[in-house]
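All chains are identified by letter, namely A, B, C, D and E, in their written order; residue positions are counted from 1 within each chain.
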Amino acid sequence: MSWQIMQSALPLFERAFVLTLKLSAISVVLATALGLVLALLREYRTPVLSHISTVFQELFRNTPLLIQLFFLYYGLPSVGIMWSAQTCAIVGMSIFGAAYMSGAFEGGFSGMPRVQKESARALGLAPLQMIRHVTLPQGLTRSVPAVAANIIFMVKETSVFTVIAVPELTNTARDLIGMYYRSDEYLFMLVVAYAIILIPLSIILTLLERRVRRGTFGDN
Amino acid sequence: ACGNGPDPAAAGASGSSSSSGSSQEGKTVDQIKKDGTIRIATFGDLPPYGYVKNDGTRAGYDVALGNQIGKDLGVKVEWVQVNADGRVDSLKSDKVDLVLANFTVTDERKQVVDFAEPYMKVSIGVVSPDSAKITSADQLKGKQLAVTKGTTAETYFTENYPDVELQKFDSKTQQFQAFKDGRVAALADDNTYLYAWAKDNPGYTVGVKTLGEESTIAPAVKKGNKDLLDWTNKEIKQLSADGFFKNAYETELAPSFTSDIKPEDVIIE
Amino acid sequence: MVLSAITDVALSPAYPASTTLASGASVLFTGDNFTRLLSGLGTSVTVAGLALLVGIPLGVVLGALRILKNPVLRAVLRLYLEFFRIVPTLVLLFLSYYILPRELGVQVDGVTVAVVAFGLWVSAEISDIVRGALISVSDHQVDAGKALGMNGLQLLWYVRIPQSINLMIPATINLAARVIMTTSLLLLISVIDVITVGQQIMEANRMTHPDAAFWVYGFIFFLYFIICWPLAMIAKALEKRAKERNNG
Amino acid sequence: MADSAVLNPSVAPNPATTSATTAGHGSGDSAISPDDAPLLSVRHLKKSYGTHEVLKDVSFDVKRGQVLVLLGPSGSGKSTLIRCLNGLETIQGGEIVFKGQAVPANNERAWRKLRTEIGMVFQSYDLFPNLTVAKNIELGPTKVQKRPKAEVDEQMDRLLADVQLSEYKNAYPRELSGGQKQRIAIVRALAMNPELMLFDEVTASLDPEMVREVLELMLRLAKRHMTMIVVTHEMEFARRVADTVMFLENGVILERQSGNEFFTHPQTDRARNFLESMAPVGAEPQD
Amino acid sequence: MADSAVLNPSVAPNPATTSATTAGHGSGDSAISPDDAPLLSVRHLKKSYGTHEVLKDVSFDVKRGQVLVLLGPSGSGKSTLIRCLNGLETIQGGEIVFKGQAVPANNERAWRKLRTEIGMVFQSYDLFPNLTVAKNIELGPTKVQKRPKAEVDEQMDRLLADVQLSEYKNAYPRELSGGQKQRIAIVRALAMNPELMLFDEVTASLDPEMVREVLELMLRLAKRHMTMIVVTHEMEFARRVADTVMFLENGVILERQSGNEFFTHPQTDRARNFLESMAPVGAEPQD
């Protein structure tokens, strides 16, 4: 392996690194927000909307992100909708991620003992007050581990953006290999780049998990 | 884990003799004959050079050459579909014996594979819509240009026109699709297929016909596969003499080209 | 070899180009295209199947080892899992694609690369599923087994496995669906999977059907859905039953 | 002072009612003076899960200041009945009349209003684990009843002092023992100033030593004329606290009597058998 | 006939030992004739979780045919002690001697052999939910003890008849009530022909009506001279079954007496308070 080759590729990897982070962050935020709304719609059996939420979840959880992206990027223009590669990436990943996130939140909500909801009702709390004071604080806390797992999953999944020409990390590595045929160096840099993102992220999320539990239930 | 293993590029730089010489890499002609099949890498989405018809069979100029080689070796051809960026690795990792996939001969590539005698001439061209025609590479500054990963066009623009924003795609299908969807201002690739493509797609013109030096397209074998290389060189010479390439041009390429392209622009006598 | 077997099994086409379909959609039924798409999908499913075949037994053994108290073994196996958790599957595929043939010194086709890469990944995920399920068996049950004088293997065989298998199965089915979805990445290592076939079709018909992309990608989307969705539903039903069993 | 803290302020102590408890069998007595009008009347209540009829035509009254103890074997429908009285179950027939007003059947909005007047404590600990003790107690009075926080806090302090848990005000439920949790759950319900309290086996999940502290709090409430409906398996406690005992089996009221009468002279064989089965083992060897 | 079914065949009925139960305090008496040698001796047992010492130097003996009842407040270490006696916990010091042989400390293999001679029943239902009643009972004798299935089945039939659960032979645990489950758990332990039975609050999770059927089975076992160590919160039962009572607090044995003595004249204040706290509420009002 040659240092020199790696050094000369560093700027490109840096750019890709930043882009990967940016796209991940935006998608994670959007997916989490959308996923929460979808989960609440189902939790409270909102008419019509809860069914839409179900269909949405099943559809996007059971198809590959890659084909969703292809469809957005190459398929939609034939019917007159054209988004840039990065927009397609963000939209695709947010939808895909939301389908997973709503599952995580639902798991959190349904893990709550039934007596909790009943005692909230017994105190006369209205549905919105129940969401605000009981369902959300407990449900969110319970969903943190699953949400954290989804975040890691989504960040890894950004590697698939390579297929719609988004110059993120995987794309950059493949591209460099294609031009200069130095697979060892570039693959090494690629794995290191993901490790730099994912290892600290997973540590932070674990700490956060503990912190949130303590904040909510007073655990220590 | 990536540290060990042969490093052909480095070896090539320090003197090409070190890696070739006595050691035979890849399958020899005899081995291929014994196996009864030759594995050839080609494109699957690049009419009229290498593509798959609706009935699932392969066709095109590269494919015609491959089939002829198979016939002359007396073996079956096993086609392995690759993308541009997979051509070198398919040889390096012994996935194929021969590459016939519009493989342009370049110095970098010579360090990692062995090219046989060329069978086609090529140079980089740029196609653009008639409504916003690009006639020189300088006009592309700050604009988006579609290329396929691992092609000479990609390398050429990366090195000579860093101001051009490259959109890099995995396959020909994807680059042309994105181009037609209007995602990019122009598309750069080997001029020969741009001619063909522009003919199929009215409203687009190859505004820049040649860029950089003219280069050639040749079959490639694994670096060090001297046996197959020698055989292939002989074969190309023989086929040239027999007029095979002229025939193939007429049947495979000409119908896709506009009339201003002459056989001499493409094939090597 | 694997591929030809699949082609033979695939459905017969015999669909004429239907006039009621939009022009792009008719591409799907021109020539052998429909069959070819299905056989492409067959390749994907076969790769997934082989990967599971390789990965599940390995994962079960690793998972069972992970409940042992040996700290070194646990750390090593944990590291194994974490490696596959950190590296994106696509990158894993590339690593195998570039490194496997060289290290093994033999010619390895894309399908083998995929089976090995996915198989290792599956084994890591399964080891976690198995471990999680095994330790979810309540301490009381294990104590009750011990109190009858059972040894480690007997505990595993009579107590832990039977009581956690109904947790492992749905999780494994879910994983299977995920592996099938992940085979969409085969496109990138030159395996003729369903998407590659789709692209061949678009290219061959670019003159006659310029809007084929919408229909071809839409159709592939649908194909994946009708394979993975039933799996997810089965997993969900089994999971629910397992929960009810455990409470009842 | 302690008395006034726990005592429901809206109920005037009325010792007369507590002794006259054998009255009011069945459903005939509808013309009544406002003074001894029942606080709660249940008429022909029917409840089923699917095809399984859990409550079959249940009718009874509860007067102000009275303690009604519900007894019956497991699965007889006690929990279901008490949950119906707080609108937690949809019912298939009959009527529930609270303070002279019929509650529109299965109307969640109507029940929501009523639930501020009917406190309930469950068997499983039902404090919100995400809130401190103080927040648990304040939630209903401030968010639902919209009473000023200062006033609520003052009442809370008195209630906590009364159950000797003032020091746990800022603790989370997980830091409390089971008995402490159940006492706080009772305080939480009392903080709404309910006119009726429902208790469903509130000591059943407790370690034996903690049972006592909860039952004693309930005895104190009863003494102060809180109207209560109590499901319990603690026979000694039931005997002491009950003005009236109602014995339920298979969703039917088999017996309804004054507490003393029931424990000394149960009228039905089923009730007699039940009482025997609940007596401590060893009191009367069998083999 | 029923007697011989439940009776542990390896223990000869020895009425003499059951009455002489106050003997054997402390640890001095080591030179003993084989006849009244203790079945189990515990010497200076120490157990901690981390830095938390749960058992501090606990010593006692149990003779053949004797019933030892362990009492003590929650958290005093009763469960921990009884689990140590079946090798389910690692210990930090002391010695456990069974049938005159010291068990090598924390040696899983040695314990595994012994566990076939020491039966244990837990508080939480511990039948294997995936196996039928018959399979649950057969598992230990056939797979661990490797006894012939025919013989085991015959014994099982007798035991099941004895607890009147023959008809449930092919039922799954989920089809049984709590009381039935615990009786089967006891049968499962008996099928191994143990010489000592350990019971840890086996009725604590049961509905009150089911407590009796389990306790009566245990009483019957005691009558037939099964050696037993019993943790329970049922005071009436304890009083009847105990040859000896041991009162534990904070991991220390505070009192060890004959059953009658303990319940009528507890020697320490702690024991007296404990007994009071366990008396039914209402028997003796406090406020």
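Simple rule for what comes next: a contact is a pair of C-beta atoms (placed from the backbone, for glycine too) under 8 Å apart; a residue touches a chain by one contact, two chains touch by 3 or more.
This is a predicted model, so every value here is computed, not measured.
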{"item": "If a chain touches subunit A and subunit B alike, it appears here", "value": "C"}
{"item": "Centroid-based (C-alpha) most distant chain relative to subunit D", "value": "B"}
{"item": "Taking each chain's C-alpha mean as its centre, the one farthest from subunit E", "value": "B"}
{"item": "Chain centre separation (subunit C, subunit E; CA means) in Å", "value": "50"}
{"item": "Centre distance in Å when subunit C and subunit D are each reduced to the mean of their C-alpha atoms", "value": "55"}
{"item": "Chain centre separation in whole Å, for subunit C relative to subunit A (CA means)", "value": "21"}
{"item": "Junction residues of subunit D - those touching two or more other chains", "value": "none"}
{"item": "Residues within subunit B bordering two or more other chains", "value": "2, 5, 89, 92, 170, 174, 177"}
{"item": "Overlap residues in subunit C, where contacts from two or more other chains coincide", "value": "98-99, 187-188, 210, 213"}
{"item": "Chains that touch, pairwise", "value": "A-B, A-C, A-D, B-C, C-E, D-E"}
{"item": "Sites on subunit D touched by subunit E in the complex", "value": "73-74, 207-209, 211-212, 215-216, 219-220, 233-237, 239-241, 274, 277-278, 280-283, 285-287"}
{"item": "Partner subunit C, residues of subunit B touching it in the complex", "value": "1-2, 5-6, 44-47, 51-56, 80-83, 86, 89-90, 92-95, 170-174, 176-177, 180, 200-201"}
{"item": "Residues of subunit A that touch subunit D when the two form their complex", "value": "113, 115-116, 118-126, 129, 133-134, 137-138, 141, 216-219"}
{"item": "In the complex with subunit C, residue positions of subunit A that touch it", "value": "58-59, 61-68, 70-71, 74-79, 152, 156-160, 162-163, 170, 173-174, 177, 183-184, 187, 190-191, 194-195, 198-199, 202"}
{"item": "Contacting residues of subunit C [partner subunit B, same complex]", "value": "30-33, 35-36, 97-103, 106-110, 187-190, 192, 196, 199-207, 210, 213"}
